[in-house]
């Protein structure tokens, strides 16, 4: 999985019928030092992530594993809101204190 | 999923039989600032996207999820025509007003 | 899918038994301006593509969708010989006239 | 598979229910000369890898192959702790002696 | 598939139980001119490839297609030892004569 920050939303009304009711978030990837990368992903969201939160994004078939998503043509999914990222025993990120990088 | 702009079409008459009737669009990828990237994808289209529209493209097994596509050798599919892309509460794109970047 | 040009062939006699009878082509990728990229792929071929032809290559599970290929360990397949590529209403490539870029 | 070094952990309490009980490691990729790359992956761990150990990471559907993981939305998994990496008959890494590069 | 050269081996005793008995090779990728690239892959081997041989490596679900490999968490597999690579009717590589590039 990759670490990403929720930056916004994408709205599409004319789409595959199986996507009805799926919320689509625009995620920007973050590197292992906590910096934003130029890379993004539009992903489905089932955990209710909010703007600026750090999340885990899973790609490929993993996006269609959870109940109710097997038959939706998604290739990326937010699978968790991150509480903490710890690197070399140092806390890189904490949801309470945000990026301490 | 990635955001892409419809740039053109690819026609192939001599192809896998299972591709008969599939429209193939040439999509150019767009970055999170709304700029065209040098990266492209040829994708199947079931939503009827037109030239210059911004679309969501799903890759991998996601391209073979929708009914009637399970047995076609596609690895990319247009899954929706984008109405709006919102980043940091600012509208990056609106189908009505086009790119406001 | 990506657009590629057939550059050559790869021969392997000592291989997975399930690959017997599969023709393997060396494909070089082409960008959306019609220029050759340094990136290549070795792909199975069921459509009978010839040297210098432009083809569509599908990767991942898509290479194992067509009848008779479900149990072969391929991750790339030529799925069609390209007749025309049209970008912004301009013909980038035509099989008859070749690259007009 | 890629070779990576365990750098830390990622904690998420608000996540897909199917991820309950899965330990998530932050892995940093290593090149074929034994140097750390800027690329990372967050992966599930079933082998009990510890900080600074070199591991093998498998991505895509491979992360959901082992018993008990078929229905979890993971796209990367630690599948082994590395004892030795040998390149051109020279030992690049040994778990006992660490990186001899 | 990609073309790679066998550079070495990776040994892991503490690993997913389903990997028991799988030989893991360190492969270095080769470009379409026959030059070694900085990119590598650790792959399972069922064809008995030896050091310095050129092989075809298949990635993703293709690594779990052959009998006995469906339930092993591999994402890359050596599927054949290359005899010859021919580009533009010129032999880029022959197992007998090695790289003539």
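First chain written, first letter: the chains are A, B, C, D and E, and each begins at residue 1.
Convention: contacts are C-beta pairs under 8 Å (C-beta built on N, C-alpha and C of every residue); 3 or more make two chains touch, one makes a residue touch a chain.
A quick map from chain label to UniProt name: A, B, C, D, E = Carboxysome shell vertex protein CcmL.
Predicted, not measured: the structure shown is a model, and the values here were computed from it.
Engineer: Between chain C and chain D, tell me the centre distance in angstrom, where each centre is the average of that chain's C-alpha atoms.
Structural biologist: Each chain's C-alpha centroid was found; their separation is 33 Å.
Engineer: For chain B and chain C, what's the span in angstrom between their mean Cα positions?
Structural biologist: 21
Engineer: Of all residues in chain A, which are in touch with two or more distinct other chains?
Structural biologist: Those would be 60-61, 63.
Engineer: In graph terms, nodes being chains and edges touches, is this line, ring, star, complete or other?
Structural biologist: Contact map by chain: ring.
Engineer: Listed in ring order from chain C, and going the way that reaches chain E first, which chains are there?
Structural biologist: Listed round the ring from chain C, with chain E adjacent next, the chains are C, E, D, A, B.
Engineer: Considering the complex alone, what residue numbers of chain D touch chain A?
Structural biologist: Touch residues, chain D against chain A: 7-16, 18-19, 24, 26, 28, 38, 40-43, 51, 60-61, 63-64, 71-76.
Engineer: Under the definition above, what is the set of chain B residues touching chain A in their complex?
Structural biologist: 1-3, 31-32, 46-48, 56, 58-63, 65-66, 77, 79-89, 92
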